[in-house]
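Which chain is which? They are A, B, C and D, in the order written, and residues in each are numbered from 1.
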Amino acid sequence: MAKDRLNFCVFGAGRIGKLHARNLAVHPRARVSYVVDPVARLASDLAREVGAATAPDAAAALADREINAVVIASSTNTHVDLIAASVRAGKAVLCEKPIDLDIRRVDRCLAELKKHRVPVAIGFNRRFDPTNRAIQAAIGRGEVGEVEQIVITSRDPAPPPLSYIKVSGGLFRDMMIHDFDLARWLLGAEPVEVVAKASCRVDPKIARAGDVDGAMVILKTRNSTLCHINNSRRATYGYDQRVEVFGSKGMVRSDNLRPTAILTSNERATDSRDVLLPFFVERYAQSYRHEIDDFIDAVLSRRKPSVGAEDGRRALLLADAALQSHRTGKTVTVRAG
Amino acid sequence: MAKDRLNFCVFGAGRIGKLHARNLAVHPRARVSYVVDPVARLASDLAREVGAATAPDAAAALADREINAVVIASSTNTHVDLIAASVRAGKAVLCEKPIDLDIRRVDRCLAELKKHRVPVAIGFNRRFDPTNRAIQAAIGRGEVGEVEQIVITSRDPAPPPLSYIKVSGGLFRDMMIHDFDLARWLLGAEPVEVVAKASCRVDPKIARAGDVDGAMVILKTRNSTLCHINNSRRATYGYDQRVEVFGSKGMVRSDNLRPTAILTSNERATDSRDVLLPFFVERYAQSYRHEIDDFIDAVLSRRKPSVGAEDGRRALLLADAALQSHRTGKTVTVRAG
Amino acid sequence: MAKDRLNFCVFGAGRIGKLHARNLAVHPRARVSYVVDPVARLASDLAREVGAATAPDAAAALADREINAVVIASSTNTHVDLIAASVRAGKAVLCEKPIDLDIRRVDRCLAELKKHRVPVAIGFNRRFDPTNRAIQAAIGRGEVGEVEQIVITSRDPAPPPLSYIKVSGGLFRDMMIHDFDLARWLLGAEPVEVVAKASCRVDPKIARAGDVDGAMVILKTRNSTLCHINNSRRATYGYDQRVEVFGSKGMVRSDNLRPTAILTSNERATDSRDVLLPFFVERYAQSYRHEIDDFIDAVLSRRKPSVGAEDGRRALLLADAALQSHRTGKTVTVRAG
Amino acid sequence: MAKDRLNFCVFGAGRIGKLHARNLAVHPRARVSYVVDPVARLASDLAREVGAATAPDAAAALADREINAVVIASSTNTHVDLIAASVRAGKAVLCEKPIDLDIRRVDRCLAELKKHRVPVAIGFNRRFDPTNRAIQAAIGRGEVGEVEQIVITSRDPAPPPLSYIKVSGGLFRDMMIHDFDLARWLLGAEPVEVVAKASCRVDPKIARAGDVDGAMVILKTRNSTLCHINNSRRATYGYDQRVEVFGSKGMVRSDNLRPTAILTSNERATDSRDVLLPFFVERYAQSYRHEIDDFIDAVLSRRKPSVGAEDGRRALLLADAALQSHRTGKTVTVRAG
């Protein structure tokens, strides 16, 4: 492996693939060597933009010994196979969440990973957001004392297309999975009980597709720290992303980010602020850069990635538990075993 | 009844009794005629302060035909009997929450009330807070569209004495009952499902007394509006009282109130604000005045009180449901019938 | 003098007179004995409301030996004579600002006051506002270090009637005089240089009446602390009252107060807040109560009033200097004499 | 000229030169061809980083016909000569503020520029800040109505080295010049009157070097719009950059930017926020990118640069007027003629 620089193959040239490829292209310790996407035109456009080549398929790219690492940003159903192929080829992996929508496939994937000593990171970008990191650091410094309650608010600006909803695995596995990961990270402990309530109030087509578009969950850890998460697929005022951590010494929470810092006052209202950033691409732009940077740093310095495959599995376990609680009305006990 | 002024008897000369008596004493359409408290000294001190007489017991005061109305601010276990005696004597009643800790006694009380055509109001003061009223008015004007999610945060500055905890009925019936009432009022619909998780992290003595000191609840209405409530018996930064109402057109929420509007910046932090108001006496000072004013107005104008005995009963039903859910881990279905 | 209670005569039954009389009426250590106003109906209405008598004129009221103190809230041109008559009659005086619009008459008044040992307070209510007091206390505790710059923003919601403008003494003496007093108090030092720029942008009739409706001023103390004040006679978003104190260790500033603490978010804006409180009666309601309380306390405990006649004179000197600077374009040096 | 891409020479490899060179290096329509700096090592390090060559001096670089544009980020005393040489060589110019500290040299420079039809832009970066642009856009849409008052707060975190102070031209020409430009831009009209007061409270060595470290200014336009600017060389809480525009219909103002959006509450304070961004490199990072982008766009689309040499001259005129007012105590009338 090159001592100071990684050659990447990027799988997937859609929205997230582009985002990662562009961040890699300006990273001083990375280079995009290949872009692979079943839609040839998408692959070649992105490859040209970032100074990379295209490869006809994953196997061809992974066969190139110059490649050190891959970013998997292709559709969810391809993740497990690409992870497996990549680690077998000895390439470090940064895979977008989720690993898979089926916990059994995830378990098999993790079993396979154990046979290889290749770094695998899962793209839970929120852990790399400067505001979330500041909250986590404040907890670490003891500023809130013992963490007793967490409240996570996460609302998308508008629902995705129905075609996406149908293959998404549902709100808990597709959307709230980010909040489950964030909760685990901030709790510093595993939730062992999950209750969930969900609704479909935004668009009845979502219900007909078998999904929900709003939900509230409570998690409880073994030492009785409580965590509430709420999600909605629609917020007219923008992408609403807030975290509140409450403890024995105080509270640390986050406000949303906005495009500018202006405050408007007139005869109807005062100090009105901008609508929020539109969606995750804008809100977590810095996070994606830090995530890539952290991954590159981990691989080059031979340390474990900050967010690993087991984190991906645990978040999915919580999503599955929430879905089950929503359906049964009962507390679901989570055993990570 | 005097056309333009009510003569009151105040039962209970403790913290809340004093608060009500003082508000009545400066109200242009009220007069405190009697203060009754088993502790004679408390009664006579307060009576002197507000220009009232004392009466040896409730019966004596209620026998006075000049009395039009009573405020019941005595200990919870006396509420049901005092309500019954007062309505039988034809006195309008403003009773502090809760009516009783036992839903069967509450049901019997309400059955008794039906026999009389006397106004009975329950002191859920938060409905009279200007900030909460502004939120409710915004909902009423359609500013949030269809209400889809509500988040209520309610944290006391410090736990009450253990002696109080033991007779309080527990966190759900004593503390969260305010939030259940607020939730019902803002939801504009009855919650039909309740799940609750609770913890004892503040003081293990509270657990030994059979109670909890932190809790999270989710309520769900028939049309799938979701409401989260969180409570803690301790917040180092003051009495934390926030409400968030989220809907199809936007969100209305409330910030906490503070003693002053100063913002401090130095080399460690910027725009630091005052710690919150200490507790409910300060935070809801205006609410108590508006509550009394609304009650007097209701009685004098012969309209129904804004918050009635059935509201007291419904809030208790939700508290009981939450307690049961906390114990069983299951969703509890609430049937008001 | 009664040891524990003052009997007041209130001169003036207009907006401010009413405000003071009502605060006195509910004060435990005060009683309104007389209300005097040339408009008999105003006097008798207010007198009835606060349980006082009327007197045909000032002399009659001042002749009553039971009277201990007066509040002068009559028109500005009567202040000097009423102060003089009151102190000669041995009554403690709380006089609304300004003492007079003519510095020579103010000087003669102060010379007269020196002959008597009677407490005289001037009603600069902003010094009694809890937020301003918190700022001043923070300065006192050294939280901003050495005060280097102060910025005072003070904007009325709408201009007063032209008839008032014509007798007001002009914006500097009528409106900014409050800010000059506030500046002196927070600076803890006398401004020695004044520059001013003014404009008439709100209503050209104000210019035709010889006045301005907007102004900006810079004050400089001997040790080079700088203070900026801006005024406008119109702010569509309410009564805008902000203070910022900047120093070697940091900054303390104040936000405006609002009727409620709600925050509204929709597709056009986020966290929009209420328009500001309408005007000084609402914004400084607490200040007026604290001012009266401080005056009563000073008189009863035989200490000097917190804001004295010399403070009234100094603020007028600054207003005169600002007016002169506005007219000449030059720095005006203030010598207190 | 290349149709879609500019080849740049960057003069100056110090802090600002680096910043511009790095922004150019990742700009899709720019390329850094040369870096020129008298300190050879600085030039070669930066050149290597951005993929450029070095040139022995300006003349050598300007002789290269492939070069289309220059960025002048060298020391102030070199600006006029480099601008002249560049325009004579037909290269578009983006020159850091100020053009020069001497208005006569600036006038001669502008006279020279008139002979050439080459775009010259001056680097007043604040006009390209998204928050400032939003304020200006709100004014343009009429949201504040007629602009009546502007308040600009601009405080550096800490004074520059004395060696810099000595050659800086003083606070008005070095620091407040940014605010003068911002004021002209937001006022949409030329200030015709200037008064200034200044102080030296931060460090007496600054006074001994003939400069001041704090100042307050009032500008007045022909139609009596007033603008206040305050500056300090030290703010313990970070780089304080706020703008407030007040008019007949309302107010638009800006809050500061911070590294994260966290809010901390504990027993001492609530909702404390991060200290501000450290200094201009961080605060105006986006502005510098937009500035470069706007310059490139102007040159390639053959439109006038958004901020031209005459803007540089006008800001300096205001700085000179403020300095003169500070020294004389009088209003200084500015005639641009």
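Odds and ends about this structure:
Rule of thumb we're sticking to: contacts are C-beta pairs under 8 Å (C-beta built on N, C-alpha and C of every residue); 3 or more make two chains touch, one makes a residue touch a chain.
Since this is a predicted model, take the numbers as computed values, not measurements.
In terms of C-beta pairs in contact, the better-connected of the chain pairs A-D and A-B is A-B.
Chain pair A-C has a twin interface among B-C, B-D or C-D; that twin, with over half of the contact pairs alike by residue number, is B-D. Centroids of chain A and chain D (each the mean of its C-alpha atoms) stand 40 Å apart. In this assembly, the C-alpha centroid of chain B lies 58 Å from the C-alpha centroid of chain D. Chain A and chain B have CA centres that are 42 Å apart.
Of all residues in chain A, those touching 2 or more other chains are 236-237, 249-251, 256, 264-267, 274, listed in ascending order.
Looking at the complex, you find that chain C touches chain B at residues 26, 130-131, 133-135, 138, 143, 249-257, 259-267, 274.
If you check the complex, the residues on chain B that touch chain D are 236-238, 256, 258, 264-276. Residue ranges on chain A touching chain B, taken from their complex, read 145-146, 148-149, 151, 153, 155, 193, 195, 197-202, 214-218, 220, 223-226, 228, 230, 232, 234-237, 240, 246, 248-251, 329-331.
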